[in-house]
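Consider the two complexes below, in which subunit A is the common component and subunit B and subunit C are the respective partners.
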Partner chain A sequence: MHLDDQDLTHIRTGALFVACSVDPLWCHEQADRALAHMTSSGARPKLVPIEQLPDDALIATIGFVNNGLPLSELRPPGDEFVQSVRILEHALERRVDGIIPLAAANVNALVPMLAGMQLDVPVVDADPQGRVFPRLHQTVFTLAGMRAGPVAVTGPIGESALLTVETPRHAERLVSALAGEFGGWAATAMYPMQASDLRQHGLHGTVSRLLRIGRVLDSAEPTEHKYDLLRRSEGITRIFRARVVDIAGLSRPSAHGEPDRPSSAILIEEDEGRIIQLEIQNELLMVLVDGVIEAAMPDIITMLHPDAASVASLEDLWVGNVLDIVVMAGAPRWYEADGLALVGPEAHQMMPSGMLNRGNR
Partner chain B sequence: MSRSFANARLRDLIEAHALRRLTAVEADPDRSVVRSIVVITEIDDIRAAGPDSMLLLTPALARGGWMISVALRYAWERHAGALVVPEQSFADAVIELAKRLNITLLTTEREIVPLALDLSRHLGETGAGTLTRVQAFAGQLAGAADATEVLRLVSRELRGAEVQLEMRDAPGVAMFRSPAVPAEAPRSENRDRLTRVTARVSPPTTQPAEILAAYVPKHDEDNAQEVLQAAAPIVRALLAESRLDAFRTSLPTISIAALANSHAASELDEPTIELLVDRAHWAIHGPYAVVCIFAPNVEELGAVVHNHWFGGMADAPLISFSDGWLAFVEHAEGDGGEALRRALRTQFAPLAPLGVRLGVSSTCMGSEQSVDGMREAWLSARLAHAEAPLVTFEGIDAELLPRLVPREFATQILRSRFPSFMLDGSAASLAEAVTEFLEHQGSIASSSACLGIHRNTLQQRVRRAEQAGLELSDPAQVLPVHMLLRAAFGVGH
Partner chain C sequence: MIGVRLTQGSVVACAVDSAGRVVEARAAGRRDDLAAPLTKALSELATHLAEPDSITFDVSADLTLASQLPVTVIRVVPRPPINSDHEIGIDRDLFLVESMHHIEGGHTAMGRELVPLDTSALLSIAGSNSDDARYLVTSVGALITPDHELEVERLITDHSQAASVEGSRVFHSSAFAVRERTALVNHALLPGAEALGTLIAQVAERVFPGSDLFVMTNDGGRVPLSRLMVSPVHSLLAGKATALVGAAALSGVRDGRLLVTRGQESFLGEMLGGELTVIPYAPESVAGRLATPTANWRDVAPEGVRRFADAGRGAWRPPTFVTEEPQAARITRVSDAALHTSLDLGALGAACATLSDWSSQFISVANADELAQRMQTAEARVTARLVTAGAAPSQTRIIESHIATTAYEAPSVVAVRVRGVAGSYPNLDLVEG
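Our next item is the complex of A and B:
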């Protein structure tokens, strides 16, 4: 299906909802670049299910990777992913037939929309994370034992590199280091694979889910109606309406190699007065209610403004503000033992996943 | 995870080891007890901690407010009493959570493991001290003369706590009770805030069971359990001895009653109680009263009744019969038996819930009145009930008499209440006239016609009976008088 302006706006809303990012500005800017390209070129992003591609079609995963610091002020010029994909094609000596986002959330959900139009390839309705994790190796491809490389990277000022690397974990370290050298971020094209492999190991329908979520949230429906729709269609499990009462800049030691610094927010539930703690590290890692862990990675924890169910960001965590804390399950693959080891609480040096209250899931 | 077990007050541990209290949730650390010290090296270990434990989080675990919150929650679920973490700053919400969960949150600047060892040693010393003290206490109990003395010693050992011997079927109702407790001791009216600790006195096969019960603060629960366990065998032995003595004392009376084929005293038929009295050896020279005591289970309550009896009337022996006991108690000079009644009420009030009932005769003199006195006491005891466990003969309301009195007893009442009437040589004809007069609703014409006498004669007899003391003008007295007359003289329809 070809996406129009409205679809792109909805995908942006859905991408922000799933990610609850520190800085939504990049997501908005990426959507604006795609919309501008649509206007200037008349092109439309093409979103296709994997079934529409032949088994031997070459699929690349593209997305921004940063170096663990807040995103740079160096804004992307717009052709960085074209350059990375071309480098990857050159290394593989064949053209890419389709692209997927590194994460179907936040800015990376919008990256293939622009790049797909620029490269004239479809965006496959799939991704390897089903949400956003802070590291590029935290993918279902890693769980499947697939190679991350070769990896093509392009920086803010056009510098580029091709990394001949095997394991995703090693690729993460190299790309993260390069992103620092480039100026804060790197536009990466990686995980080259055949469509048959993506069909077997990828998380499918994750981009179209953003479209569905965005349509609901951008509608004029009352907040509670929107929540009902999301409960039914997207599996939202819990919503806590709470008022922010305290922000702690550092609630725990920073884990080595983790992006950004950890922090914590304390809220008081509006109805029952329960104490809600949010543990934050680039994303919302964990929700505690009166000391009980109600949700933690890989659960998707996000926030909405209660008045119109518009997506909130971490910047909305100011004392006195009332927010709806929304919890929904991540992809089922992440709740298997190896998935939890890769992206669960222990992976974030937090606690054994057995502590998590998943009784009502 | 590592742990140790014993028992100590939380306050003692806090003060002895310089722990800094962050929460004021524990209103009374004296009441909080710590039974075990648990060092948590992995967070899942918290789930294995027991009630009243003190949890110590290692620095690796106590990272950040969220982990403290989780630990507080687990501590609450496990009924742990306190959580100790390395010194750090906390969000207000964490302290608020500790308050809500009623977990005492403590911090320390010491290394966790050495601190845990010190705390464990403290607990161990406390436990050893308890055992030694209980052993010494058991030695003291061995010299006690009776069950009451044992309860007094147990109460003293438990800082004046209320201690009593109860039937399992009637928890909270004392058969024996420790003597008055000091003012600062836990009071019985505060039982709701105290913990009831019990130890079985009777052998496991005996029903109904007797148990020792003490009402102590929660922190003293374990100590009280040890003390009661030490006292229970001695109480059992003393009770058995007391029952044996009571049985031995009453053997001659029992034999006489058996020979006389006496019925149960609480049945409707009056017992042949004359045989209980040895008039040849009558030893009471002044005014006296007869006391009758009924109990639903004479064998079980014998020792208890004897104990309470001797607590107030030690000079007067109890005479046992099938359903209770009789006693002849000489009045204190000039008090008309008031001291006796007061003493009985005080001594036996605790036994009322167990079904013990008392009756007290009017004042008697000499052996001749002893049988009447016994009847009065027996009747009074029969009229006693849960709300009035002690009834004196003088206190029997007149309206109760008609349904209760046998003929001889009715005569006795008339002699007692209306002596002038009964001394009148024409008492029988006067009674006949009055009875007919009352049964005809005060109609002179019909009653005189029924008796076959002139109406003036009937009027004269009725007036004479009134002059002799019969109260025919008082509606409340009319029916009892009528019934008494009928019972005593067998007149009327």
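Our next item is the complex of A and C:
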């Protein structure tokens, strides 16, 4: 399907919902760039299920890796992903036939929309995270033992590199270091694979899910009706309406290799006065209610404004704000033992998995 | 203390004396002649009380954008966008942008130069512009390392007869577009703010020559009037915050939510520890998000007001309702959680507001000791500014001293936010009607 302006706006809303981003501007500005390109060129992003591509079609995963100045400060000039994909194609000696986002959430959900139009290739309705994790090796491709490389990266001043790296974990270290050296981010093209491999190992329907979620949240329906719709269609399991009463920066020791440091927010539930604690490090990692874990990565933990169910961001965690904390399950693959080891609380050095007492599944 | 609310030719002035007694004076005039009603209202109060220590003005309704004030926008970025699809848009209906230029330069979060500043391109722009040009400069990374923004300001000043060169780094946001937009709004407000500030000072000087003059800010606090002539954007959205302060003073609510209804509008705010809760940015109101600490109010539609009023059915903690009604008694307690008043909540709020000051910075620190020292320095700076503004040192309080991490950025970079206030809302002596 070809996406129109409205679809892109809904995907932006869905991408913000799934990620609970640190700064919604990253998403808004990326959507604005895509919309401006649509207007000036007449092009439309094409979203296709993997079944529409032949088995031997070459698929690349593209997305920003951030480490330094944010995208809203060090703004992308506009050709960074074209450059990275061309470098990857040159290394592989063939053209890319389709692209997927590194994460079907936050800004990276919108990256392929613009790049797909610039490269004239379709966006495949799939991704390797089904949400967003902070590190590029936290993918189902890593679980499947697939290679991340070669990895092509381009930085904000046009510098680029081709990394002939094999393992995703090593790619994470190299790309993150390069992103920092570039000044804040690296536009990456990686995980080159055949469509048959993506069909087998990828998470499918994750981009169209954003469109679905965005349509609900952008509608004029009352908040509770929107929540009912999302409970039915997207499997939301918990909603807590709570008021922020305290925020603590640098709240616990940092996990090695993570961008940013941990912080916490304390909220008081509006209904029953229970204490809700959010543990944060780049993303919302964990929710505790009266000290008991209610949700933790890989669960998707996000926030909405109660008035109109508009998507909130980490920027809204200011004392006095009333927010709806929303929990839904991540992709089932993440709840298997190796998935939890890669992206669960222990992967963020929060606590050993044996201590978890999650009652939401 | 006197508070004054200006609304395009109308003036409401409210005096609160040391015993908490409240006197109000109103005067109406022409929109283009504020001096007459302001003089009249203040003179009327002068017949009731001795010279006040302070007079605070809510000027938000009288601040207007000078949309025809031309400005040359300079963006210091490591690499310009490949085409206009990738530029930050500027609302050309609001701002008269004479020209916009991308100049190579900028710094990383760690203070490293991304690329050298392209001084020759800059000098070429300065040389081709008219002598009285006004410039607005935003540089990548300038919140932490302002060197290139400062160098642009210096070069333009040295090599042209520019009317003004303003850097956007004084506005605290990690987003380039938000800093630039805030600076553009501020720039467009300046001519009106300068004229308004001068007029206010002249009138107040005639009626109360010994009073210190202040202006309300978007966070519900007050700062010396001189700041209006430098950063009017921080007063642009003060109206609802000021009314909430008035509602808090009137109702005695120091912790809890307030729902104010004034004419056709209703809005909700929250008090915590005797001050309004504040968010670090203004909501999407004027040309998008602005980098100015703003009281955390939100508009409430009529059905929302009814829902709040039906406290028994909803899950929400009921707010205290304060309704401004010109026909009501000065204060009527409708229920435990509802007041009606004929007083102007904006003028009352301006009279009762506390002094306010902020320090917001992004800093790069090497260790915990350095971070603690930077926090102490920020708190000391806020306290010093409050004292300079007229507060007794014993009156000052640091009510927020916060370190925020910066997701997906270098772990050594943190955002520091310190909020200080001086004084507290007075206890009002009002007989209920």
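Remarks
Quick note on the criterion: the second predicted complex is superposed on the first by the 352 of 361 C-alpha atoms of A that agree within 3 Å, B and C clash if a C-alpha of one lies under 4 Å from a C-alpha of the other, contacts with A are read in each partner's own complex, and residues count from 1 in each chain.
Criterion: a residue touches a chain if its C-beta (ideal position, glycine included) is under 8 Å from a C-beta of that chain, and two chains touch if they have at least 3 such contacts.
Quick caveat: nothing in here was measured; it's all calculated off a predicted structure.
Following the overlay on subunit A, a side-by-side fit with no clash is recorded for the pair subunit B and subunit C.
Once chain A of one complex is fitted onto chain A of the other, the partner contacts of A:N67 are limited to subunit C, with no touch recorded for subunit B.
By the touch criterion defined above, A:D55 reaches neither subunit B nor subunit C.
Once chain A of one complex is fitted onto chain A of the other, the partner contacts of A:D338 are absent, as it touches neither subunit B nor subunit C. Judged by the number of subunit A residues each one touches, C leads among subunit B and subunit C. In the superposition on chain A, A:S264 makes contact with subunit B only, while subunit C stays out of contact range.
When the two complexes are overlaid on their common chain A, residue A:Q277 makes contact with subunit B while staying clear of subunit C.
Looking at the shared chain after the overlay, A:G320 reaches subunit C, while subunit B stays out of its contact range. When both complexes are overlaid on chain A, the residue A:D4 reaches neither subunit B nor subunit C. Our summary of the superposed model lists a minimum C-alpha distance of 13 Å between subunit B and subunit C.
262 are the residues of subunit A that lie in the contact sets of both subunit B and subunit C, per the superposition on chain A. The part of subunit A that touches subunit C in the complex is made up of residues 22-23, 25, 29, 32-33, 36-37, 40, 66-70, 72-79, 134, 156-158, 180, 183-184, 241, 247, 249-250, 254, 258-263, 270-271, 280-283, 307, 314-316, 318-321. Subunit A makes touch with subunit B in their complex at residues 245-246, 248, 251-253, 262, 264, 266, 275, 277, 279, 286, 288, 290-293, 351-352, 354-355. Taken together, the subunit C residues at the contact with subunit A in this complex read 77-86, 88-89, 106, 108-110, 112, 114-115, 140-141, 174-178, 270, 272, 277-281, 289, 296, 298, 304, 315-317, 400, 402-411, 414.
Per the touch definition, subunit B reaches subunit A in the complex via residues 42-44, 63-67, 69-74, 76, 91-93, 96-97, 100-101.
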